[in-house]
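Chains: A, B, C, D and E, in written order; residue numbering restarts at 1 for each.
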Amino acid sequence: MENLFVNMASGMRSLLASAGLPDAATDFVLMFLKLGAILVYILISALWLVYMERKVSAYMQCRIGPNRVGPLGLLQTTADIGKLISKEIIIPRCADKKLFLLGPILIFMPPLAVFAVAPFGKDMVAIDMNIGVYYFLAVASLSTVIVWMSGWASNNKYSLIGSMRVVAQMVSYEMPLILSIVGVIILTGTLNMSEIIVAQENVWFIFLQPLGFLVYLIAGVAETNRAPFDLVEGESEIICGPFTEYSGMGFAMFFLAEYANVVLVSVMATTLFLGGWHAPFSLTFIPSWIWFLLKVYGMIFLFMWFRWTYPRIRVDQLMEFGWKVLVPLSIANIFVTGIGKYLYQTIRW
Amino acid sequence: MNIPVLTLTLLAPIIAALIIVFIPKEEEKLCKWVAALGTGVALALSLYVYFGYDQSVGGLQWVDFGRPVPWIRDLGVSYYMAVDGLSLPMLLLTNLIGFAAVFASWNVSHRAKELMIYLLVLIAGVMGTFIAQDLFIFLLFYEVVVIPIYIMVIIWGSSKRVTKEYAGMKLTIYLLIGSAFLLVGVIATFVESVAITGTPNMSFEGLARVAFPEEFQIYMFGLMLLGFGSLLSMWPFHSWSPDGYAGAPTAVSMIHAGVLKKIGGYGLIRVAIFVLPLGAKFWAPWIAVLGVIGVAYAAMGALAQKDLKYLVGYSSVSHMGYVLLGVASLGVIGVNGAVANMFAHGVMAALFFSMIGFIYEKTHTRWIPDLGGLSHQAPRCRWDS
Amino acid sequence: MATGLNPSYFIALSAALFAIGLYGAISRKNAIAVLISIELMLTAVNINLVAFNKFLTPEAFIGQIFAIFVITVAAAEVGLGLAIVIAIYRNRKSVDLDDFDWMKW
Amino acid sequence: MNFDFSLLTTELAMFVLGLTTFVLGLVAPSASRRGLGSFAVLGLLLVLVITVVNWSNQGELLNGMYLVDGYANFFKMIFLTAAILVIFGSFRYIDQNVGNHFEYYSTVIFATLGMVVMVSAGDFITLYLGMELMTISFIILVAFRFIEAKSLEAGMKYLLLAAMSSAVTLYGLSLVYGATGTIIIGQVAQAVARGGADPLLIVGLVMLVAGLGFKVAAVPFHMWSPDVYEGAPTPVTSFLAVGSKAASFAILLRLFLGGFAGVHDRWALPVAVLAALSMLIGNLVAIPQTNIKRMLAYSSIAQAGYILVGLVAATEAGIKGVMFYAFLYVFATVGAFTVVAAVYNKIQSDEIADYAGLAQRAPLAATVMLVCLLSMAGIPPLAGFVGKFYLFQTVVEGYMWLVYLGLIMSMVSVYYYLRVVLVMFRDDPKDPSPIEMGSAATLTLFITLVTTIVLGIYPGPLAEMANMAAQSFFLH
Amino acid sequence: MGSVALFMAVGIVFGAGGILTSFLIHPRSKNRFKLETYECGLPTQGASWVQFKTQYFTYALMFVIFDVEVIYLYPWAVSFENLGFAGLIKMFIFIFILVLGLWYAWKEGALEWR
């Protein structure tokens, strides 16, 4: 079980090698397989998360949630996908057509590209990049541009307001997000995701970096535009913001990407703070990748919990909280971590 | 010689000018008296120098501090103040005219304080050129004079045929453009002298010892001729001179015609004879030709003038032609003649201008036909010339 | 790294980018468009630096460090540019360079 | 790693001073911020003293990435002097026209720090950082009167053109790096001596000349300077004309003489042409100007042309000439602009026509203006004459035409300078009330006046200092 | 890094594929009102591409300025162990300057939503 996927990959490799393919081609095919696996994982978990969200929210609000399509409503989201694909994509008359279509086409690219460096388990990472964390930060923030582009191209007032809010919010919470990770990097001295996880073998960084984790958590929620920071989309005020004019598959793409982003932020939280695929309490009989997924879904559950617990905050509160609380906190975290680590290094305390 | 007499002579008007700066401008009389005192002291000192000069020995005497004081080492400039037979009469002339000029402007009441300051700076500048035995220091003083003249022309000048602004600007630009060529010549000469001797030395004596190649001398002398020539109002660079005189206030005309122009002749002799003899030899015929043209042309021009100032202006251009002729002879007698002529013309021209000033003050005209019968009304004016 | 690449490709690329940026910076009339064009020029510089670093001094990261500094400073410049644009906008309601006509351009 | 911090005393002191000024400004209540200007001046004076005292402490840091030599120290002295004079002379102007902003002082200090870093740069990165610190500070300063549309517009123009010129310079630097494989100027020189004129290097040189030509406002890269000079607050204009220009020249020399001396024959003529064009266009276009700041802008373009002559010479004497000229140019320019600022305070105008009768309303100001303008024109016995003498003597052999052009154009420049003089001295003022300038400005004017005259009459000590500094240039 | 390009390409292809599939199968019914800009059912009022509140740009500005400094923080953090006390102090100075910037922005009111 532990090495299920790893073995599958190496088996595949030897199979291909025996078929006489050159090394480069083998690598390519293998990478393609990994990519396929990740893609499938994202799709499935998006489907499952939509369902989960509905169920969780339902239970929190003492409702039942989806229960008609399939057993316990399990096929509800599948049906939704079918519906979305078959719906017409309406391009408003006033929209900038090229950019309008380019939005949903591009939106899935950043999360997928970042998943390439996500360590799903021991030796289970598609590209073991030495600057993984950097890569994550760099590529993940591309979404902002794409969302803004879509909102602007829609030529709709709600969309434009939403877009502006996206930019303002994303950039404001990008700062604490980035700064909160610095603490972890100081502790590990590497930007490689796998090595960061290895470094957490004894103690998870959530215990060494509680402040960092807190900041990361809040900033992560804001980055994914989820409640209570969802005034970008704010269904009740600006009708989905940048996505107002999108219908059918266009909307589905944004939806999908958003859930992919949620998974991504959770994956990173798990990797950076929750010990990745390390098992707590030496419960190593459960495979590492299961631990990893458990932690990820735990995080996601936390996000959902937030969403259905807190009311949406006002835009001025949002900005001031980001700049006046989170940024100073994360900078303080860097100071504390730096001094602590230095003391630990010198006096072996 | 322990007391640097020449330096004191130079400083007298400058100190007077500095004192006047701090006198409130309402105290016109006081300003004028201080100016008169300054120039008077300078005149007295220069007389002292003049009579103390040992003519039997000749050469440079009255060297301040006894020797050239190093001033800017890397350019070989030294503070070298001295007089010889060439500069001595000029020094005396300057102070004489300067002293007279202060009194010539005694009745000016329009911004008298400033006038006195500029006048004193002007006198000091002119004086400096004559006593500096270093090319660089000479240059420093050489152009000091232009700017005060400009300001004096535009403030106290009078407009008749041309506006005083035009006259002032024409004068300034002519002199400055001329001096640009002069500067090129000086810089090139300096660089060449360093290249030949290896040590920078800017004193006239030092430069005179350098054996410049003939072709170089001809080139450089041409440039300097342009520079000094335009100051000397050599034909064809003379046209600023009548306009400038006509526009200038009395004191300026006096100093300008009396001594300033002589700097051109003085410089030409110094540089020509001492530093670039071969170049001078080459250019001498041309100088002579230009001098003759100047004499004839300006004299004829003077004949046609009806304005007293223009008349004297053209005549002074004409006189400078004689000076050029003397210089062009390149002989001792010729140069002596040139110097004597400069001195004589200096006194004379200054007197002319001051007289024109007085006449103008009384009659408010300089138009010759209007001044018929002047000798009856002002008999002492006849004595002049 | 991939074979068959040589510096001239990178130089050509960066030269093209630089030329485009320069053209944009000179011809565009919108202040922000000019800023963007200048960013293009800086990108060309960075390509050059990193490429030369790869081919000339692979053991020392001179070019890359330089590129990082260039990026930072460029960001500061753009920040300042935007700040001035905002201030001008408050003042004039326009960011078109042709409208900057208080003085001769 | 042996890193001698004592070499960086000036830089560190300035850095601390800048930050302290900033923090004090943040902390202090706005009423007591007025004292910040004096604090900044005192601090800069202290730094100046430190620099002078520390003069002999010279050396290299990080294998020649940072050079602390006499050359750099001399220029540091120039920048600090300029900064002190500019701040000191403009207290009242800043108070009245810009507002009581503490950022002004710290930004000036940081701009100076940028210049200081720039002249000490031994490699391209340090050079670039210093240059940008200076440029960015200047952008802020130019746009500082942000209530005034003119100032903002000038800021925008300066920003765009400065950024563009930085990009061009950088591209040149990157090409030089590509051609030589190093970014340390000393090693570049060796590589150039070995490799000769690589086409990549030549293209890089062209870019560098263009980019730095922008910074020094040499024709044909000068278009920005009149507008920016006119629009910026006057003290900033003065600092821009003095500091930024001097620093750019310093680095131009460092690069071209320190790095590319091996291919001198390739760049000397283009630079000479640039110098000639600057002198010609700068002086001729200055003639019809009616705004004094614009006129001074064009005149400073011409000054850039004169200074470039020293680069053409590419000798120790040329370096000395540049340094000497840069030093005296500080006093002449700051003096002139201080007068402009003081007059603006009273009459709210920069038009030359409004200077009528200045000689009677403010005799000192008019005198300083006269002396400074004439010094720029190079009329003896003022400092500018000696400076020009030093500069032009270096190119007599080989570029005689440049000497002619330079000296004739400088006499032409007298024409437009004298028009200002004409207005100031001839006319009677419309409003004869005297112009009050404040003691700080008066003192500044007095300092510039005396220095300009004294440097003209007795340039010996400064010349020797410049000489020593220039000798240290080729030691690396 | 070819693999990263692969991921990105597939990401785009996936998006394009989804849209394309939908285009192939979705119904088409043209209707003038359907193509109107959505404003909760009311007729569209005025232009949408309007100039915006400048406060948004102020935040963007803050971001641009602070974000880039991170370029220096990360390498420092990575090699923290090798840099020792000097590295710690230098970086703290660096961060201190950042904090000064933040303080300044705070004081000037750039962080306030106005």
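Annotations for the structure displayed:
Following the convention adopted for this analysis, contacts are C-beta pairs under 8 Å (C-beta built on N, C-alpha and C of every residue); 3 or more make two chains touch, one makes a residue touch a chain.
Going by UniProt, the chains are A = NADH-quinone oxidoreductase subunit H; B = NADH dehydrogenase subunit M; C = NADH-quinone oxidoreductase subunit K; D = NADH-quinone oxidoreductase subunit N; E = NADH-quinone oxidoreductase subunit A.
Quick caveat, the model's predicted, so the values are computed rather than measured.
Under the contact definition stated at the top, no chain borders both chain A and chain E.
In this assembly, the chain whose C-alpha centre lies farthest from chain A is B. In this view the innermost chain, defined by its CA centroid being closest to the centroid of all protein CA atoms, is D.
More inter-chain C-beta contacts link the pair C-E than the other of D-E and C-E. For this pair, chain C with chain E, the centres built from the Cα atoms lie 20 Å apart. Chain geometry summary: the mean Cα position of chain A and that of chain C are 32 Å apart.
In this assembly, the C-alpha centroid of chain B (NADH dehydrogenase subunit M) lies 38 Å from the C-alpha centroid of chain D. Spacing of chain C relative to chain D, judged by their CA centroids, is 26 angstrom. Contact of a single residue of chain D with at least two other chains is seen at no position.
Shared contact sites, meaning residues of chain E that touch two or more other chains, fall at 60, 67.
Residue positions of chain B (NADH dehydrogenase subunit M) touching 2 or more other chains: there are none. Here, these are the chain pairs in contact: A-E, B-D, C-D, C-E, D-E. Chain C makes touch with chain D in their complex at residues 7, 11, 14, 18, 21-22, 25, 31, 34-35, 38, 41-42, 44-45, 48-49, 51-52, 56-57, 62-63, 65-66, 69-70, 73, 76-77, 80-81, 84-85, 87-88, 91-92, 97, 100, 102-105. Those residues of chain A that touch chain E in the complex are listed here as 28, 31-32, 35, 39, 84-95, 101, 104-113, 115-116, 126-127, 129, 133-135, 152, 154-160, 164, 167-168, 171-172, 174-175, 178-179, 182, 185-186, 189-191, 239, 244-245, 248-250, 252-253, 315-316, 319-320, 323-324, 327-328, 331, 334-335, 338-339, 341-342, 345-346.
Of all residues in chain E, only 97, 100, 103-104, 107 touch chain D in the complex they form. If you check the complex, the residues on chain E that touch chain A are 3-4, 6-8, 10-12, 14-16, 18-19, 21-23, 25-29, 34-40, 44, 48-50, 52-53, 56, 59-60, 62-63, 66-67, 70, 73-74, 77-81, 85, 88, 91-92, 95, 98-99, 102, 105-106, 111-113.
Listing the residues of chain E that touch chain C in their complex gives 51, 54, 57-58, 60-61, 64-65, 67-69, 71-72.
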